[in-house]
Structures are given as C-alpha cells and as structure tokens.
Amino acid sequence: MTLGDLVQDLGGELLGPPGLLISRIAPLDAADPGCISFLANPKYRAQLQTTQAGCVIVSPAVRDEASARGAAIIADDPYLYFARLSQWWAQRVRPRAAPAIHPSAVVHPTAALGRDVDIGPLAVIEEGAEIGDGVVIGPHTVVGAHARIGAGTRLSARVTIGFDCVIGERCILHSGVVIGADGFGFAPVQGRWEKIEQLGTVRIGNDVELGANTCVDRGALGDTILEDGVKLDNLVQIAHNVRVGAHTAMAGCVGVAGSTVFGKHCTVGGGGMVLGHLTLADHVHVSAGTLISRSIHKPGQYTGIFPSDDNASWEKNAATLRQLHSLRERLRALERKSP
Amino acid sequence: MTLGDLVQDLGGELLGPPGLLISRIAPLDAADPGCISFLANPKYRAQLQTTQAGCVIVSPAVRDEASARGAAIIADDPYLYFARLSQWWAQRVRPRAAPAIHPSAVVHPTAALGRDVDIGPLAVIEEGAEIGDGVVIGPHTVVGAHARIGAGTRLSARVTIGFDCVIGERCILHSGVVIGADGFGFAPVQGRWEKIEQLGTVRIGNDVELGANTCVDRGALGDTILEDGVKLDNLVQIAHNVRVGAHTAMAGCVGVAGSTVFGKHCTVGGGGMVLGHLTLADHVHVSAGTLISRSIHKPGQYTGIFPSDDNASWEKNAATLRQLHSLRERLRALERKSP
Amino acid sequence: MTLGDLVQDLGGELLGPPGLLISRIAPLDAADPGCISFLANPKYRAQLQTTQAGCVIVSPAVRDEASARGAAIIADDPYLYFARLSQWWAQRVRPRAAPAIHPSAVVHPTAALGRDVDIGPLAVIEEGAEIGDGVVIGPHTVVGAHARIGAGTRLSARVTIGFDCVIGERCILHSGVVIGADGFGFAPVQGRWEKIEQLGTVRIGNDVELGANTCVDRGALGDTILEDGVKLDNLVQIAHNVRVGAHTAMAGCVGVAGSTVFGKHCTVGGGGMVLGHLTLADHVHVSAGTLISRSIHKPGQYTGIFPSDDNASWEKNAATLRQLHSLRERLRALERKSP
C-alpha cells in the first residue's frame, strides 16, 4: 500500500512521496523504513528524532520537525487518524469472505434472516430470532429464541445470546460472551435460597463492544441495559438491572452489582468493583482495583487502593493499620494534654 | 392472569376482586394499574401511598394500610411470596417445549438417558454418561465421559461437564460454566513447573445454581465439593479440593483458592478472594472486595477494603499509609516524653 | 499396581515388598493401607507416625523414621516424585483412546493435520490451520484460520484459538479459553470511542498451561506473548501486547493490563492486578489481591492488601484512614511543640 492510497482514503496532508510503499504500522520505537508510525502523546516527541519509520503521522504543531526527518502526514488528531488507519488496514489484510450460511449451522425455520448474513459452522439460531442485514455469526454461536441482532453486528465464535435479548447495530461481541443468563436473585427462606425467576431481558444499544467471556445478566423484572457506544473489556460482570450510560468503558475483570446505574462517559479501571443499587453521575472515573460502595454524584476520579510495597514494609504498615483508630485516640489524648 | 388464579395456586389472603387481570410484575415505584407489586422491605413502606400497582403483596402488619388503597394479597413473607410468584409467572410466559433430542446432538450409544430428557442442537454426551429424568441440556453443552447429571437439572447452552463429575438434582448451570477442568497444581523443579495430574473429580449436590462462566476445578487427589443449595454467581472461581458448605452463596467475580473449606450458610460479596487451605465457620459473611488470608472460626461479617475517596484525598492518605508504622513509633516517643 | 511396577518406571529406592498393591494416592492424613502417600513439607512430619498409608514417599532425611513404620520410597524430592507418580497414574487410569477424527467435526480442506491427531465431535478447524503431530482437540473447540498448534498440545472441549495465533508444543488449554480476541483499544473522539483494529496475534511458547475461561488478547500492532512454561490458572485476563516471561505462574482471577512485560519465574497470587505499560523483573512475586501500579526492578515479594477484620473493627479503622494525612499533620504539630 502506498502513502498516496492511504491519504486519498483517509485524508490528512501528505508531506512526502505518494508512491512510498508501506508494509506495516508500528510504534515509533519499533518502526523500520517500511513502517508508518504516529506521534499522539507529546511526551514521546523526542522519538521523532530517532525513529526509523518511513512515514510519521503528526499534529500540525510538529509539522516542521516531522517533515525535516522524512515523509509525514499532518492530521489534527494523530491518534484518531491512527485508529482509522488501523481499520483501513484491517480491511485490506483481512478482507471478509462473501457472506454464506454454513451447511452445518442449525437455523430454525422461523428465524428471520436479513440480507448478506454470514453464519459460521455449527452456529445455532433458535426459533423466532431476527438477524439484521450484514450480521456475522461465528462458529458455535447460539442466538436464543426471539432474540434480535441489529444490522452489521459481528458475533465472534462461541457467543451466547439468551432468548428475547436485543443487540443493537454495528456491535462486536467476542468469544465466550454470555448475554441473558439469569440474574443472581434469591429470597432467603429458613436458611435456604428460593429462586426468583428473572423475567426481564438484556437490551444493548448500537456500537457496543464486549470482550471475551464477559457476562451481562438478564433483569429480574425490568431489563439490563447497555446504552450506545459502551465498551467492556474481557471477563467483565454486569449484574441484573444494571444500566450503563452511553460511551462508558470498563477494563478487564470489572464487576458491577445489581441495579446500579452508571452515567454516560464513565470509565472503570481493571478489577474495579461497583456495589449494587448505586447511582454514578456522568464522567465518573473509577481507578483500577477500587471498590465503590456509595453513589457518586460529582464527576471526577475516585480511588481506593492499598498502595503496594515490598512485603516486609507492607506487613509493618498493615499491622499498624489494625490499631489506627486507637492511634487516633492516643493522639487526641496527647493533644488534650499539650498546652 | 387473574388475582384469583394466582391466589388459588400460591395461597395468601386476597383482599380485592379475584377477577382483576394482571399483566406484569413490577417494583412499587414502576408499577401501573396492570401490575402486581410487593412490599418486602419496611423502608419502602411510604411507596404504598404512591404506587399505581393494581395489587400489592404485603405482610399482615400493613394489612389495613394496603387494603385502603386497593387490592392486596396478605402473605407472611411477601418476598418469598414474590419469589414463588416469579416462578409461577415464568412457567406461564415461558412454557417448556415437550422434551426432545435434537437430531444434530452427538449422543454416545453407551450414554444412559432417563425419561423426558431434552437435548438441544449440537450438544455432546460422551460415553458412559448418565442423564437423569427430566434433565434439560442446552445447545453446545458437553457432558463428559461417565459424568452423571441428576434428575430435573438444567444445563444452559454451552456448559462443559468434565469426565467423571457428578451434578445433583434440580441444579441450574448457566452458559459458559466449566466443571472439572484440571486444578492448578505443579511441583517446582529447577525453575520449571512439573504438572501434578488432577486425579479427583467434582461433586455437586442438589439445588445448586452456578452463574455464567463460573469454574469449578477437579480435585488433585480427593474431590472438589459443593454441598446442597450452594448458589454461585457469574465468573466465580472455585479451585481444586475446595468444599463449600450447604446454602452458601457467592456473588460475582469471587475466587476461592485450593483446599479451603467453607461452612454452611456463608456469603461472599462480589470480588471477594479467599486464600487456600483455610477453614471458615458456618454463617461467616465476607464483604465485597475483601481478601481473607486466615481461617475464621466465629460467625460474623468480615471486611477489608480500602475506602474509596476522590483521587486527591486518596493520594494523600495512601502516601501517609506507607509511613504508618513510623508514625506509630513517633507517637510512642511523644507519649514517653509526655508527663 | 504394585510398588515394584512403580519404582521400576519412576526410580527411587524401595524399602518394602515390591508386590504390595496400591489402589489410590492420598494425603498422609486421609490414606488407608491401600494408599501411597508422600511427605513433602517437613511441617507434616508428625503425620508419619499416624498415617495409615501402605507406603510413603520420603526424602533421605527421614529414611529411618519412615521405614520403621512400613513400606517407603526414598526420593531426593518427594514432591516432584509425587508429581511424576500422578502423571504415571493418570496414564494408567485414563488411557487415551486411539486418535480419530470425529465425523461431525468440520475440518476445512486446506487445514494441514499432522500424524495421530485426535479431533472431537463438532470441533471446527478453519482454513489454512496447521495442527501438529499428536494434537488432541476437544469437542466444540474452534481453531481459527491459519492458526498453528504445536505437536503434542491438548485443547480441551470448547477452546477458541483466533486466526493467525500460534500455540507451542505440549501445551494444555482448558475449556473456555479464548486466545486472540481483540485487545481493548479505542481512540477517544468527541466523547465516543473509535475502534483501533488489533492487527497483531498471540504467540504462546511450549509447555504452557492455561486454565478454564482464561483470555489472552491479540496485540494491537505487535503480538501478545507467553514464553515457554508459563502457567495461568482459571479466569485470568492477559491484555494486548503483554509479554509474560518463561515459567511465570499466575493464580485464578488475575488481570494484567496492556503492554506490561513480566520477567521470568514470577508469580502472581489470586485476584492480583497489574496495570499496563509496566516492567517487572525476573523473580518478582505479587501477593494475592495486590494491585501493582509501578514497575518493579528488584526481585522479591510485593504486597498491598487491606487486612481483613471483623466488620466493626474495620469500620473504625477505615473511617480513621480517611483522616490519616491530617493525623500526620497533627502529630507533626505536637512534635514541634514537644521540647
């Protein structure tokens, strides 16, 4: 692929030879002359001087510095330009096969399939399911009865969509995702647990991406909802009746307990836990490893992590922590005596 | 469905017209006149005055207050009544199809199937497996060689039961559950890890429910055991040779390390971690996000969470925490000087 | 099986009758006269006096003590001997069936299969995949296009290997493992997330074992790499472009964020979280439940856990923790006043 092809499709101002061939995208510090690279974070600016990249994507602010060293593409937002380049590249190196329905797939005769639907080997589409135009369904994926999958959505190998659940358009669900298992609901009765049947569904908006082995449970009475543009990484647990606001993103191993409502544009770092029946405002950012046990009404970054240390130091401080309240009392006593 | 039908099947005292039609179950604050609702937690009592519900399920203590506003069902335990109502409802809105064995399922000729077994598309039942009466096996579920599944148990789509494992009666296993993968056992030898073959199995009692993508490993020498009535939420990890006492429940993302023994009627909140080779008494409750590193011999609630805060406050306190032991020494020094 | 057979194959010095029959391997405290047991940890030495085991595997240091009570095998490293015994035992009680390709498997005609490959029911091997000699592929496992699986590797039921990914020799991947789902990469653009296509793959060395439902994402530009001998337990998350050094082991529920580089011979305890773009030296050991947020350049044990306590004590100490920084200031003020 040449720089000329690339700029013709993606825009940006090209400084350098349109005929230059590019064979790979690479970070500045790993690029060779056949690579295109990008400078998104100003703190790596010094790498412009040392990179071997054949072409660099940069912002207008470093135009002169970049073009002095070789070919460059000037873009207002180099990281966004890189994202679009990655998409353009993927389409070229991994062109999609013509859509087809593999003969080993088990498609119920009452399922409604749109145009250009691709269904992999051994997938199962149950009765009354509705599959939109251009949907791709990987091998071993199960779409439950009366579930609906919006146009352009891609389900990888081995995804499970429960009955009645609704997935929007242009979503990507990775392998092992389980949508619409029962929420965890029981009434205690004389030391045993009586099951509360989960009568709701899961409704997922457009442009949502869910990572491998992530789970979104169906609601108990109402529905569990992921709004448009939500992105969840791998092994995330979303409990029943949670609502996640648009464009909120959660990293791997996060858990959200039942009925919690997330605002829009929130983030949760890896391993964060959010308890149930809470409300989080828009633009709340929960740090990795943090447990949130109260509602948060103000945007901002929230953290609660025991800082890690070498084990011996940790042991001393952790042991003292168990006496912290009494230390405060002793401090108060001293203060009272102090003149 | 009418109130009369409902009370005829579930009991309780009906105050109001038996012919009243109910189209949905809803919480008090989301109910409309076609809904039945319930008051289980006294702190929501004020909602009785404002709910639009056509009928409310209440305890005898609020009988007058409830009947003054419209139809009511009086039940000793309204939450249990609601649980049973949800089960009654699910049977009506999602009646089970007549049991059948899908022609695409791969059932080994030596497998023993009980009466009224339902096996979904592309399920695999390996040699010598025993499937009890009325068992439902979802699409893509694999029952390994010589495994046994008790009567009335339901395996959702894509569950894996390892060879020789035993599942009790009336259990529910959700999609992605893996029973009987190898426990994590290795002997260190000159910097490498030598595999210890896991020679035990998993034995699960009756009325156990396991959430999506939850894992229960097989034992190294003995077995891993979940007693009757255990309920595990999604993405829970139970390591080899753990024993979980009857009616213990664990929320999502919990991990229990090898050979730990849980008492009966315990609970673990979301994201809790329990280290290996520990013993927990009956009625021990571990808070969400808490790591348990020692055995617990007394019933009660146990917690260990760094309280979350806005990031700036957290940073100040966390930084000071690294000096906590020396702060205590300084406090002691002052106390010694103080008259 | 007799002690004589065992020692003939595994070595060690037998003190006792070679004809003694062994029916089971058991821990010292659960052994009966038909059992063989082992003493690996000196702290259990007293159990030598009370065990009912027919034979015990011990180190030369307790030779006399062990042989005084009955049959014994003397081995330099009794735990390693036990590991090899477990392997020897497993081969006898669970002999592998002759390799075969189940007729229901969907194998693309361009896939290249080595000798003695075993493919279970309903497995899917996509175009151009290369399967080495003696590989075992369980039911419902999917090997993506152009993926390569090294000789002697065993994929359990329901494993997903993404396109282009490479798995080494003699690996074991348990059910639910997902290799090569997209890494979690997005460029923020006006409040939405623009997908960065993940153009790399996953490369896994030899003798790697991955637990149930564990995920290893493909790299964004370069690859995600697990070196030889890495062992990951269940429900572990390895993000894009992580590199895990040889013989590093991680317990269940661990998460490692993107681009982090682990040294060799490291360990991470259950539920540990390691943030992204960090470097950990060889022989770094992260305690269970600990979050690592900075690179670690020195070998050693690192910990950061809020010590658990009964809930009332925790509440008092945790509440005080929010004032820790101001307590330090008050302590300083007192110190300044103190003569």
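Residue numbering begins at 1 within each chain, and the chains themselves are lettered A, B and C in the order written.
Everything that follows uses one rule, which is that a residue touches a chain if its C-beta (ideal position, glycine included) is under 8 Å from a C-beta of that chain, and two chains touch if they have at least 3 such contacts.
Computed from a predicted model, the values in this text were never measured in an experiment.
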item: Fitting chain B to chain C on CA atoms, where both chains share a sequence, rotation angle to nearest 5 degrees; value: 120
item: Interface sides of chain A and chain B: same vs different residues, half threshold; value: different
item: Mean-CA-position distance for chain B and chain A (Å); value: 26
item: Touching two or more other chains - residue numbers and ranges from chain A; value: 122, 140, 158, 176, 213, 235, 253, 271, 305-307, 309, 319, 321, 323-324, 327, 331, 334, 338
item: Chain B to chain C touching residues, read off their complex; value: 106, 122, 124, 126, 140, 142, 144, 158, 160, 162-163, 176, 178, 181-182, 184, 186-187, 189, 191-199, 213, 215, 217, 220-222, 235, 237, 239, 253, 255, 257, 271, 273, 275, 286-287, 290-293, 300-307, 309, 313, 316-317, 319-321, 323-324, 327, 330-331, 334, 337-338
item: Contact set on chain A toward chain C in their complex; value: 25-27, 30, 77, 79-80, 82-84, 86-87, 89-90, 93-94, 102, 104, 120-122, 138-140, 156-158, 172, 174-176, 207, 209, 211-213, 229, 231, 233-235, 247, 249, 251-253, 265, 269-271, 288-289, 305-311, 314-315, 318-319, 321-325, 327-328, 331, 334-335, 338-339
